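Both complexes below contain subunit A, partnered by subunit B and then by subunit C.
And then the complex of A and B:
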């Protein structure tokens, strides 16, 4: 039974190469919790900005008539991965986990798997 | 919009005060200068949010989610969401002066992490700016929501559809929030987005005092200011087509 803070802490300690993580409400763009980041990566700014990414994708799927849910969104930069994982569940109505990874140290498949696990713990 | 939301809140936070900050549209409860709870008649409380609203239709959720026990994580997330939601409305500019009742405690105290007053203030300001960025018509926030027909080919998100289907021309955004069990700010924001897309009527702004009558002369008439709302709607409709 993890709370939001513990889940984020776990995300940044368990996942190799994690630079920061945030739990974001995607309607308002508010970070309900954030850990890591620092001056190179302002997670509250990233949180608000990435809600537009999620909303654009949701809208596109509606336009395409795709009856499906987004599980995660991967953004690959030159030196970082940004991973957005949408949470399901009642209270988690419209939330996503945002994870920034160092590309050189991260194992992407492993990170996705661990993020999925953290999500399930968050909701139990 | 610059400056603080509430100078009194800042002072109370600096003094590490404990009690209730009572404003026109809600109450903030502080312990040691940190916000532990917020209430507003506009914003649905934690119980409403967790129950999924009063609407029967929204009760039909997949996977029997309503029957599920609520985990600690989920509850904490919901509590934080409700706190910031109520705080946004409680800190809305009011007419009367704010009062502080020292030592007052919330009736429905939700145990959880206290939030720094500065974080509540910052988030409230960010939300005000966000609303203005989306569609700068504050009159929408308290007016009955009147849906407009979608343009051919225009798509609406599932969340938007859920709102529109319950907008009967009488309910305000806050009332829709209670019906759907969503935070009130989220509903206000969604309504502004829908209005920007032309899917909800934007109420006429408060009448502007008549400009000085133009003397009938040979001078070239000055152009009327452009109707931004109309232009945006035309642009959105065009984008939806192209």
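And then the complex of A and C:
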């Protein structure tokens, strides 16, 4: 079992092409932890903005009457992939992992697989 | 007496910024739909511009000034430097106050489901913009009648 800091460190070192990662509370839009980023990628802004993305999808599913959960969300940009993975399990409700990847260096299938593993081992 | 006169003159100068500050508050409320009110006040508790709906702005401005007094001292006494922001979470929502230069503050009222991360981002940005407007008004005494 890993804590938030270790999990984020693992996400940015193990996953090829990682630009930055954050653990975000989408009930408040604030990051519990963030690593990487820098001036090209402000992770505080990303945490707040992607909270709106997750909330919109949750609301859409409610309106569609879908009795299901979001596992992850993929956003493909011209040069980057953004992966959002919602946390499951006890005490981890209302949190998601956010990972930004360089499209040229990343392997999407592998990144998704690794993020899933990191998420399953994360204890908040 | 002279001090009172100077304060009154300053207040008049501050009020010249009112339409611009009100415009900023309206834009802010459009950007963050979970806001239920926005108010810019001078640090001594006078309303500069407000869009607070049902809440009485004079009372909020006066309470903001009182809370600000404590917050400034608390931040200073614990070595945290000048005042930047203040967040209060009640059962039915948030009250957030952001510094807007040396003469003014921005107070926002929000629903409990607001995205606090976004509230901070927009509140800080708006506070900086209001600071420019207010400081601009204070530097142009010739414009006051």
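One rule holds for everything that comes next: the second predicted complex is superposed on the first by the 122 of 124 C-alpha atoms of A that agree within 3 Å, B and C clash if a C-alpha of one lies under 4 Å from a C-alpha of the other, contacts with A are read in each partner's own complex, and residues count from 1 in each chain.
Convention: a residue touches a chain if its C-beta (ideal position, glycine included) is under 8 Å from a C-beta of that chain, and two chains touch if they have at least 3 such contacts.
Note that the structure is predicted; figures quoted are calculated from it, not measured.
Measured by the number of subunit A residues touched, the leading partner among subunit B and subunit C is B.
Of the two partner chains placed around the shared chain by superposition, subunit B is the only one that A:63 touches, whereas subunit C remains out of contact.
Once the two complexes are laid over each other on the shared chain, residue contacts for A:52 go to subunit C alone; subunit B is not touched. Of the two partner chains, neither subunit B nor subunit C is touched by A:102.
In the superposition on chain A, contact is made by A:32 with subunit B only, not with subunit C. Residue contacts after overlaying the shared chain place A:4 against subunit B, while subunit C stays out of touching range.
Once the two complexes are laid over each other on the shared chain, residue contacts for A:23 go to subunit B alone; subunit C is not touched.
Note: residues 28-30, 48, 55 of subunit A belong to the subunit B contact set and to the subunit C contact set alike, using the contact criterion stated above.
Partner subunit A is touched in their complex by these residues of subunit B: 49-50, 52, 61, 65-66, 68, 70-78, 80-81, 84, 113, 123, 126-127, 130, 155-159, 182-183, 185-186, 189-190. Across the complex, subunit A meets subunit C through its residues 24, 28-31, 44-45, 47-49, 51-52, 55. Here subunit C touches subunit A in the complex through residues 115-121, going by the rule given at the top. Remark: subunit A residues 1-7, 23, 25, 27-30, 32-33, 48, 55, 58-59, 62-63, 89-95, 121-124 touch subunit B in the complex.
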